[in-house]
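Below is one structure, written out as C-alpha cells, with a few remarks after it.
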Amino acid sequence: MDIGFIGLGEMGGAMVANLLKAGHSVRVWNRTPEKAQALAAAGARVVATPAEAFAGDAVLSMLADDTALRTVIDAALLEHAPRGLVHVNMATISVALAETLAREHAERGLHYVAAPVLGRPDVAAAAKLTIVAAGAAEAIDRVQPLFDAIGQKTWRIGALPQQANVMKLAANFMLASAVETLGEASALLGGHGVAMRDFLDVITSGIFPGPVYAGYGGMIAEERYEPALFKARLGLKDVRLALAAAEAVSTPLPVASVVRDSLIEALAHGDGECDFAVLGKVAARRAGRA
Amino acid sequence: MDIGFIGLGEMGGAMVANLLKAGHSVRVWNRTPEKAQALAAAGARVVATPAEAFAGDAVLSMLADDTALRTVIDAALLEHAPRGLVHVNMATISVALAETLAREHAERGLHYVAAPVLGRPDVAAAAKLTIVAAGAAEAIDRVQPLFDAIGQKTWRIGALPQQANVMKLAANFMLASAVETLGEASALLGGHGVAMRDFLDVITSGIFPGPVYAGYGGMIAEERYEPALFKARLGLKDVRLALAAAEAVSTPLPVASVVRDSLIEALAHGDGECDFAVLGKVAARRAGRA
Amino acid sequence: MDIGFIGLGEMGGAMVANLLKAGHSVRVWNRTPEKAQALAAAGARVVATPAEAFAGDAVLSMLADDTALRTVIDAALLEHAPRGLVHVNMATISVALAETLAREHAERGLHYVAAPVLGRPDVAAAAKLTIVAAGAAEAIDRVQPLFDAIGQKTWRIGALPQQANVMKLAANFMLASAVETLGEASALLGGHGVAMRDFLDVITSGIFPGPVYAGYGGMIAEERYEPALFKARLGLKDVRLALAAAEAVSTPLPVASVVRDSLIEALAHGDGECDFAVLGKVAARRAGRA
Amino acid sequence: MDIGFIGLGEMGGAMVANLLKAGHSVRVWNRTPEKAQALAAAGARVVATPAEAFAGDAVLSMLADDTALRTVIDAALLEHAPRGLVHVNMATISVALAETLAREHAERGLHYVAAPVLGRPDVAAAAKLTIVAAGAAEAIDRVQPLFDAIGQKTWRIGALPQQANVMKLAANFMLASAVETLGEASALLGGHGVAMRDFLDVITSGIFPGPVYAGYGGMIAEERYEPALFKARLGLKDVRLALAAAEAVSTPLPVASVVRDSLIEALAHGDGECDFAVLGKVAARRAGRA
C-alpha cells in the first residue's frame, strides 16, 4: 500500500521499519528530520510537510501526546487531505481528543481509526505489538494489512474510535495499579524482613504469572529503576488520562487517585525519568526505609 | 507419620483426606464433630479433645481466624503437649498472633511452624496447594512429608514463623487489589460502552495471564458474584490483617486502605457473602450504574 | 473612577451595583445582554463589545471559568487595550491560566491583578466580600477604592497574580474537605444511632465555630441539599483546579483526591446541581443508608 | 459526694484537683502511686487497690486506652463492687469495649456512664472541659454535680453509653482531618511561594475561626511540632478507633483512611511523639520539600 507515517519516535520508527519490510511504500515525516533520514536508508521516502504524508491509501500517526498531535494535525491539514483517506492514530491520547478527531474527520469525509498499541519499543521492533482498534469496520478492513505488518494480533473492540483509547487507558491503569501494589507489598514485606525476591517467586509461579509482576516486581526487588522501560512521568500522564476519561462518564477510580498521588510524589523527588517501578521507592520512603 | 489435625472445614477436610491417602495416621478433632465423623470412613481416628490431637509426631491446625484459634489453642493445651512436638499452623492469622504463638511454643519446648497455603478448596482436594512455610529449618524438615502429601510446592521463606503469615497476607493483598482494580476498570469501560469481556480478552492474552484476572475479571464481566470462591467478608478480614501487619512496622498501604473501604461498602449493601469480585458492583454503583 | 466590568452573573451583578453606589462610572458587558440591561437602571452604561469595557482607569472581570474567560479575553482584545490599563480578574480560574494571563498582559504593557473573592452572592450584595489580591503593589493601590466598594477586607498576598488563585483554591479545598469530613462523620454517627444535630451542637460550640461547620453540617443533618449555596458541580471544578495547581508543583493532595472521587459519585447520581453538602448523601449511600 | 477516681494522668489529676476544690471526698488510685501521693496534699485519700476506689456514691475512671482499662477493670473488680454504684468512664476507648462494659455493668446491677471529654490538660485544669455523656438518665443525674465541678458544659446525647464514645471519636476524626487538610494546603501553598501565615490570616478571620485552624495551622506555618499538645501517636490511636467504630456499622470513612496512612508515615519517620500537626511535615515531605 501507499501510505504516510507521521511521528518517528522509538515506537514509530520501529513500525515504519516493519511496514517497509512488508513491502509497503511509506512517506515519512517527523518534526525533527534526523529521524526520518535514518529510515530513508531502509526505503522510506522523506517528505517535507505533514500534508505530503497525509495522502495515499492511508496515513498512520504516532505522536507523543495530545499537544504534539494538535500541533501537527490541525484543521488546515484535514481540510486539504484527500476525501476517503483513512487516518490511523496509534498514539495514546485523551478520550476527549479522540472524540474531537473522530468528528473532525467525519465532517471532511475522512476515516478515522484509533489503534493504540500495547507493547514497548522492543516488542514494536519484533513486529509483535498488540493492536486495539476501533472505528468503522470497513476502514479497519482497509488498513488491516498494515496492522499485520507491525503487530501479532489486532483486537477490534468497537465502532467509536475513542473506545480503543478508553481500553488502552484502562489497560495502562491496570498496569500502574499492579506496580503500585507491588511497591506497597514490598514495603510491607521489607518491614518484616521477608525478601521481595522470595515473594515474587511464589506469586509469579502461581497466581500472578506473566511479564508485569515478574518484570516490574523484579525491578522493585533489586531497587533498580534505570534504564526506564516505562517512565514514571509518562505513567503519570496515562493515569491522568484515565482519570479524565472516567470523570467524563462520572466514574470514580479511587485506586487511580492513589497511584496518581504516588507518581506525583516520585516526580517531586526527582524520579520522573525513572521507570515507574520507582513506585516501590515511594512506598519504601513513606515507611521510612528509603 | 502419626499426626493430629485440628479444624476440619472445607480446606482442612481436604487436607486430611490427602494425608490419609499418603498413608499417614491422622487423629482428627473439630469443634462440631459431624465433620470429623465424615473423615472416619476414610481412616481418620476421631478424638474427643484438642489435647488428644495435640500429640504424636506433629499436629496440623487449620482454624478459621484468630478468635477460633485462641479458643482451642490456649496455654493449657500447650502446657500438656509433649516436648518436641511440631505444631504446623496452616491458617491465615494475624502476624501479631503468629509472633505470640511462636513465643509460647518456644517457652514450652514445642516447635511452631507457620505454613499458610495458597489455593482454594478445589486446589486443596487435588493436593496441589502452594505452601508458604517459615520456622526452624529442622522442624520444617520433619513435616515436609506432610506438605508433600497436600501440596505441589513448599516455599521456605524464613526462620521466623510470622514471616510466612506476612507473605500470605501480602499475596492476598495483591489479589484483593487486582480485583478492586478490575472493578474500577470495568466501571470506566462500561461508561464508554466498551465490553469488559473484550477488555479481558486483550489483557489476559498479553500482559495479565493467569487465573486471577481471567477468573475474577470474568465474574465482574458477567456480574455473577455467587457462588463465592472467596467471600467478600473474608477478603475484608485479610485486608484488615494486612493493614495491621503493615501498621506494626509503620508502613502505609494506601491501596489496601481503598480496598478496605470498598469491601466495607460491599458489606453495607448486604454482599458480604458474595465473592469479593463483587467489588465490581461497588465500583459500578459509585458510577451510578448498579 | 471610570471602569469597565465584564461578566454579570450573580456575583458580578452584585459587585457592579455596589460600585455604582460608591459613585464609580461603570461600563458593563455581558455575553447575554439582558443582565446588563438590568443594571442600566442603576446607572451602568451598557456597551456592545468587551473591547469597549476594556478601557478607562481599570476593568474588572468575573467570568465563570477558564473557558468562558478565554472566549472573551483573547489576544485581540488585549492588543487593542490602552497601555497602562489595570485588569482585575476576580474569578476563580486555574493557576496555569493566571500565569498565562499575567505574561500576556505584561507583554502588552497592561497590568494584571488577580483578586478572587471569598463569599457567596448574599455576601457580595452586602459589599462584605473578602478579597485576596496579588500582583504589582502599585496596580493594586490604584484599584483599592474599587475593592473598598465591594468588600470588607482586602488581603494582599504576593506580587505574582497566580498566588491569589492558589490561595483561593487552597481555601476552597479546605472547605470541600471539611464538608466531606462532615459527611463521613454523619454516616458514622448515624450507624450508631447518634443524632448529627447533637454532634453539631457540641462541635460548633467548641472546637469548630464558624459558618462552615454549622452551615454545611446543618444541611447534612437535615438532608436538605437544595437550594444550593455552592453547587456540587462547581465544587468539583474547584477541587480539580486545586489538584492541577498542586500537580504543577509536584504536590500530592490525597484528601483532595478523595473529595474529587466523592463529588464525581454525587454527579453520577444526578446530584451535581445540589449543594455540595450532598457529600453527606454520598457517605450515607456508601454505608447502605441512603 | 463520696467518690473514687482511677487513673491519675495529666487529665485525671487535674479533674481530681477540681473535684476536691468543689468539696467532694475523693479516694484515688493509680498504677504508679507517686501520682496519687501528689494529690494527697490537696486532700485526696490514697487507696491501695482499684477495688477500694470502686465504692461509695460513684467512681470515675480515666485510663489511657482499652488495654490499660482492661488490666484494671476486670470481672473480679466488678463482681465485688457495691450494687447501684455509678461508674463514669471518661476515657476515649473503643466503641466495642464500651458496649462490653455497659453489658458487664448491667449484669451486675451497676450503672455505667460513658463521659469522654473534649479539651486538653490546660482546659481540664481550668475546670472548663466539655463533657459528652451517654447512659441512663438517672445515673447521669446522680453524677451531674461531679461533671459541674470539672467541666463547663455537659452534653447528654443518648441512653447507650457507647454513643458518647462514638461522638468523641467522630469529633477527633474531624479534628485529625482538619489538620491533615491544613498540612496538604500548606504544601500546595509552599509550592507556589505563598506564605501559610497569610493563608491562615485569611481563613481564620473568615470561614474557619476557632482554635483548631489557628492553633494547628500555626504550628504547621512555623514547622514547630514540639512540645506536643496532642501527640501523633495518640492521634493515630483515635483515628484507628474511629475506623473500627465505623467498620462495626459497615461505614467507609475514606478521609480517615488517608489520615491514618499519613499518621503511620509520621511514625515511620520517628515523629510519633510530636504534635499531630506534624502531618504538615508529612505533606511537605511527599512534595519533596521536607
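In this document, chain identifiers A, B, C and D correspond to the written order of the chains, with residue numbering beginning at 1 in each.
One rule holds in what follows: a contact is a pair of C-beta atoms (placed from the backbone, for glycine too) under 8 Å apart; a residue touches a chain by one contact, two chains touch by 3 or more.
Note that the coordinates shown come from a computational prediction; the quantities given were computed from them, not determined experimentally.
Asker: Validating interface symmetry: for the copies subunit B and subunit C, is the fraction of residue numbers used by both over half? Same or different.
Answerer: same
Asker: When I count C-beta pairs in contact, which pair ends up with more: A-B or A-D?
Answerer: Greater number of contacting C-beta pairs: A-B.
Asker: Report back the single chain whose CA centre is most distant from the CA centre of subunit D.
Answerer: A
Asker: Just the number, please: Cα centre separation of subunit A and subunit B in whole Å.
Answerer: Result: the chain centres lie 38 Å from each other.
Asker: Determine the centre-to-centre distance between subunit A and subunit D, using the mean Cα coordinates as centres, and give it in whole Å.
Answerer: 52
Asker: Quick check: what residues of subunit B touch more than one other chain, meaning two or more?
Answerer: Those would be 246, 250-254, 258, 261-262, 265, 268, 286-288.
Asker: Classify the chain contact graph as line, ring, star, complete or other.
Answerer: Contact pattern: complete, every chain touching every other.
Asker: Where on subunit C does subunit D make contact in their complex?
Answerer: 95, 118, 130, 132, 153, 155, 157-158, 160, 162-163, 166-167, 169-171, 173-175, 177-178, 180-182, 184-185, 187-189, 191-195, 198-199, 201-203, 205-212, 242, 245-246, 248-256, 258, 261-262, 283, 286-288
Asker: Can you name the residues of subunit C that touch subunit A in the complex?
Answerer: Touch list, subunit C to subunit A: 246-247, 250-254, 257-258, 260-262, 264-265, 267-268.
Asker: Which positions of subunit A touch subunit D when the two form their complex?
Answerer: 254, 261, 265, 268-270, 286-289
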